[in-house]
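Got some structures for you, see below.
Each of the next two complexes has subunit A plus one other chain: subunit B in the first, subunit C in the second.
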Partner chain A sequence: MSLSLNKINAVLQLRLKLMLSNLSLLFTPIFAIGFVIIMGSLLPNLDGGEAGAPFSTSGFLLSFGLIFNIAIGGISMSSSPIAEEKEKHTLRVLMTSSVKGVEYFIGSMIPLLVILVATNILLIPASGVAFNDIPLPAYLVITTLASLISILIGYIIGTYAKNQAQASLISTPILITLTSIPVLKIFNENLAEILNYTYGGVIANLSDALAADRGYQWNVTDVSVLAAWFIATLGLFIYIYKKNGLDSD
Partner chain B sequence: MALMTLENVMKQEDNSTVLKGIDLIINEKSQIGIKMTNEESLVLFKLIAGELTPSSGRIEIGTSSILTEFTEDGLYEDLTVSSYLAAFKKIADFKNPLKEFSGIFSLSDVWNTKISKLSLDQKKRISLFRMSLFSPELLLIQSPLSNSTAEGIELYKKALDHLQSNNVAILFTSHFLEELLLLSNDIYRYNHNIGLEKTDLAHENKLMPADETETVIKPNNVYKVSSKLADKTIFFSPDEIDFIESINSVSNIRIGEEYFPTVLTMNELEEKLTKFGFFRCHRSYLVNLQRVSELVSYSKNTFTLILKGSSKVNLPISRNRLEAMRALIEF
Partner chain C sequence: MGKKLIQVERLSKKFKDQVALKDISFSVHAGEIFGFLGPSGSGKTTTIKILTGQLAQSSGRAFVLNNAVEQIDESIYEQIGIVTDNSGLYDRLTVYNNLVAFAKLLNVDKKRIDFLLKRVGLFEHKNKMAKNLSKGMKQRLILSRAMLHQPKVLFLDEPTSGLDPVTTEAIHALLLELKENGTAIFLTTHNMEEATKLCDSVALLNDGLIVEHDTPKALTLKYNQDKRYQVLLKNEKEVNVAHSAESIQQINHWLLNDELLTIHSCEPNLEQVFLEVTGRELV
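== the complex of A and B ==
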């Protein structure tokens, strides 16, 4: 299958124009930064070492912000446009205009990924974690891979759903589960162990380690969990896409 | 070579026949209209575009440059006309500046306006403009003029002339014959019992001069009921007509769900059509007996004729006319 860079570029520009003409899609990353700043000013500044409890305010805020941006932003920003295009019958027009499904997905993914990665970086100063203490390559690799996984989950939902209402309905339980991870990890040790095997758990571990000033060490579990999630979501997305097509109606 | 040839094509879906008896040749530059339902049109377009395989029959495809437009197709309403078309220009790899063509599609004055603020007429022309960027050889368009204004129709036809000058063939489908009369040179009607039937058309400006018609040999036993719509006169074979109804002293030919007015009176029509199996069942109705499926008696003196087809039309018949009908068809 040959892909056309020209068409990927055309879809990318089209998606950018649509984002700029309707800024509501950008609310989630903006809210992620805004919430972290507001919560940072409201919560007491606790540090695990001083209080004796395994809790750090800046770590919790970074973890919360990353989950908010990557899970809610990544999934909703990728599932909603596909569902909207199906509902408004614009996707069929695009598909019959010689654009292949893969070209559409790649072209739509690039601006989303750029926004998510930029927000992930901006969340570091917003949460109060020292920039100099961040091992940037590890941080970028983990958060970018997690963002990609979220985008793929969004694509699965968007490809499966027939309209925006159905996409929201399917997304809601997934988003609630993912956004609860940082809190659940604090209050239940057994559950925390299980959540370590979710990609949200890996993000929470990363931000905890950074905030506790322990420094983040690459480990086999985190890498394997992210790789397994990426392969599983990619495989499921390809299966759903082949089964349903992009515009099955 | 024809762009597309369909020979006795039949398509079944979910154990029911959606299309059958489709014989059609689409040549370069042709503008063909087919009267059919949206569901039938959807299947036909998918068969022609190669998205569906016919259950039986043969489709010979002479071009791969086919684009389809369905009534429900949407536009990116948040974009302006220029940015929407610019996106598709890039996809189509269209080289010429778009602005040059904005006048042809009568979009110059709304070039930088958001699509959501445009009228339905203007949106239809944007769709046509978008399709033209791909330099298609064959366009399949579903009911483009439904809910259009008179000005909108005129401007759409102007844009179609541009496409035709570029040798684009267009196949239109619509539920309404009047719409197809405005768009097409050849018109067919799809009848789910017999398939595709060609409708005879005579263009007002193409009628033969009187002196030439005098020398033409007149065939016997040929009769067609005519109805004049816009600048075209449409002819119906008696066997196509379900019944004729007099409404406000105007005789209206009823075919399927549609009415076509004719200048002939009910008496004149009765005289002409009796030999083709028509029967005056009521002062206001002349029914094609071949289309009658049931005779129902609701009371001692009230009888009703029920016609074939999905609409299940009921026509009144008086007791004395019933005796005449009984004598005629011997039941």
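== the complex of A and C ==
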């Protein structure tokens, strides 16, 4: 299958214009940074490395900010526009104007991914973790892959849902579960073990390790979990796309 | 007659137990406006969806630009334009940006956007958000978008439904211009006046079945069974006479005595033809 760069670029520019015309879509990444800064000023400054400290404040904030941005931002920013386009029948117009589904998804994904990755980087200083303490390549690979997984989950929801209301209804329990991961990991050890096998759990592990000055080491479990989630969400997305199409009305 | 650009052979479509199309066949040539006429629910939109690759037929064959409809891909979409009830606009983009997005997709020079906007009377509104346009303006914008890439085939599903007469007239003028330039236009409508005015040939569709197919003129003549004439005399008296030796003598008499002001033959219009063929009205 040959892809047209011109069409991907046209979709990308269209999506950028639509994003700029609806800034509420950018609310989640901005809110993630703002929330982390405000929480940082309110919470006591605990150091996870010290005896008696249940967790590290900066690690908790980074973990929370990343989950907030990647899960809520990634899923809602990708599911809502597809559902809106289906609802307003513009997706059908695009598809009958010579755009391939893959070109549409790639063109739509690029601006989202750039915003998510930029926010993931800005969350480091916002949460109070020192840049020097971060193994940047590992951080970028893990958070970018997790962002991609979230975008794919959003695409699955957007492709399955018939309209925006249905998309947000389906998203809500998923978002609540994903955003609860950092807190659940702290307060329940058994659950923490299970959550290690979610992509949100991998992000929480990464930020905890960074904040506790333990450094982060690549490990088979985290890499396998992310790879498995990526393959599973991509496979599920392809299945739902083939079954429903982009505009099944 | 131009090249055959749409060909439909014994096309049928079933939705579970309901038969939407029954063995329909027709063809549309370059530079022809083909009217597909029928009441709501007769299968017009289903036919457009099948011909544009959005719905699979149950049986039969259909070709658009010599390509089987099952194989319609991006290269065909680059050569056709589609206007349906469900053709959405990007509400939060301006009129101009709505067209720019598609001009980029279809590799169309932006100069054509201004040309088209002037042609449909939207140039002064180019910076207006699409959501703030009236229904008629939206329809003209959708039509401009479908014509942006100068398609070889244009599918129009009730393009003037609910529009004011001025907008309807502007759209008709555009369609006739496209036809002159060789575009094959597939037009569905239940407006028989529109069909008579625009179409080179029409097919009357009833419950998924083509019940008549010919030029509007030929159809009205075919169903002109009782051949009557409407006569207006100079004394303002209106007379409706049947075609007979007696009435021809009477008309001759009026003519010779300079009593006759106007005389018209009373062929049925397409609406009456449809009623006669199907026993139902076009609603």
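Everything that follows uses one rule, which is that the second predicted complex is superposed on the first by the 246 of 249 C-alpha atoms of A that agree within 3 Å, B and C clash if a C-alpha of one lies under 4 Å from a C-alpha of the other, contacts with A are read in each partner's own complex, and residues count from 1 in each chain.
Just so we're on the same page, contacts are C-beta pairs under 8 Å (C-beta built on N, C-alpha and C of every residue); 3 or more make two chains touch, one makes a residue touch a chain.
Please read these numbers as outputs of a predicted model, since none were measured by experiment.
Q: Looking at the superposed three-chain arrangement on subunit A, would you call subunit B and subunit C a clash or a fit?
A: clash
Q: So, A:S224: does it touch subunit B (first), subunit C (second), both, or neither?
A: After superposition on chain A, A:S224 lies in contact with neither partner.
Q: Have a look at where A:T172 lands relative to subunit B and subunit C in the superposition and call it first, second, both or neither.
A: neither
Q: Check the residue A:N188 against both partner chains and state whether it touches subunit B (first), subunit C (second), both, or neither.
A: After superposing on A, A:N188 lies clear of both subunit B and subunit C.
Q: If we overlay the two complexes on their shared chain A, which of subunit B and subunit C does A:A10 touch? Say first, second, both or neither.
A: In the superposition, A:A10 touches subunit B and subunit C alike.
Q: Could you say whether A:K100 touches subunit B, subunit C, both of them, or neither, answering first, second, both or neither?
A: The answer is second: A:K100 touches subunit C but not subunit B.
Q: Using the superposition described at the top, list the residues of subunit A that contact subunit B and also contact subunit C.
A: 6-7, 9-11, 13-14, 17-18, 21-22, 88-90, 92-94, 96-99
Q: In the complex of these two chains, what residues of subunit B are touching subunit A?
A: 49, 67-68, 70, 72-79, 83, 87-88, 90-93, 114, 130, 134
Q: Could you pull out which subunit A residues touch subunit C in their complex?
A: 6-7, 9-11, 13-14, 17-18, 21-22, 85, 88-90, 92-94, 96-100, 249
Q: Sort out for me which residues of subunit A touch subunit B in the complex.
A: Per the touch definition, subunit A meets subunit B at residues 6-7, 9-11, 13-14, 17-18, 21-22, 88-90, 92-94, 96-99.
Q: Once bound in the complex, which stretches of subunit C touch subunit A?
A: Within the complex, subunit C contacts subunit A at residues 52-54, 74-75, 77-78, 82, 86-93, 97, 101-102, 104-107, 145.
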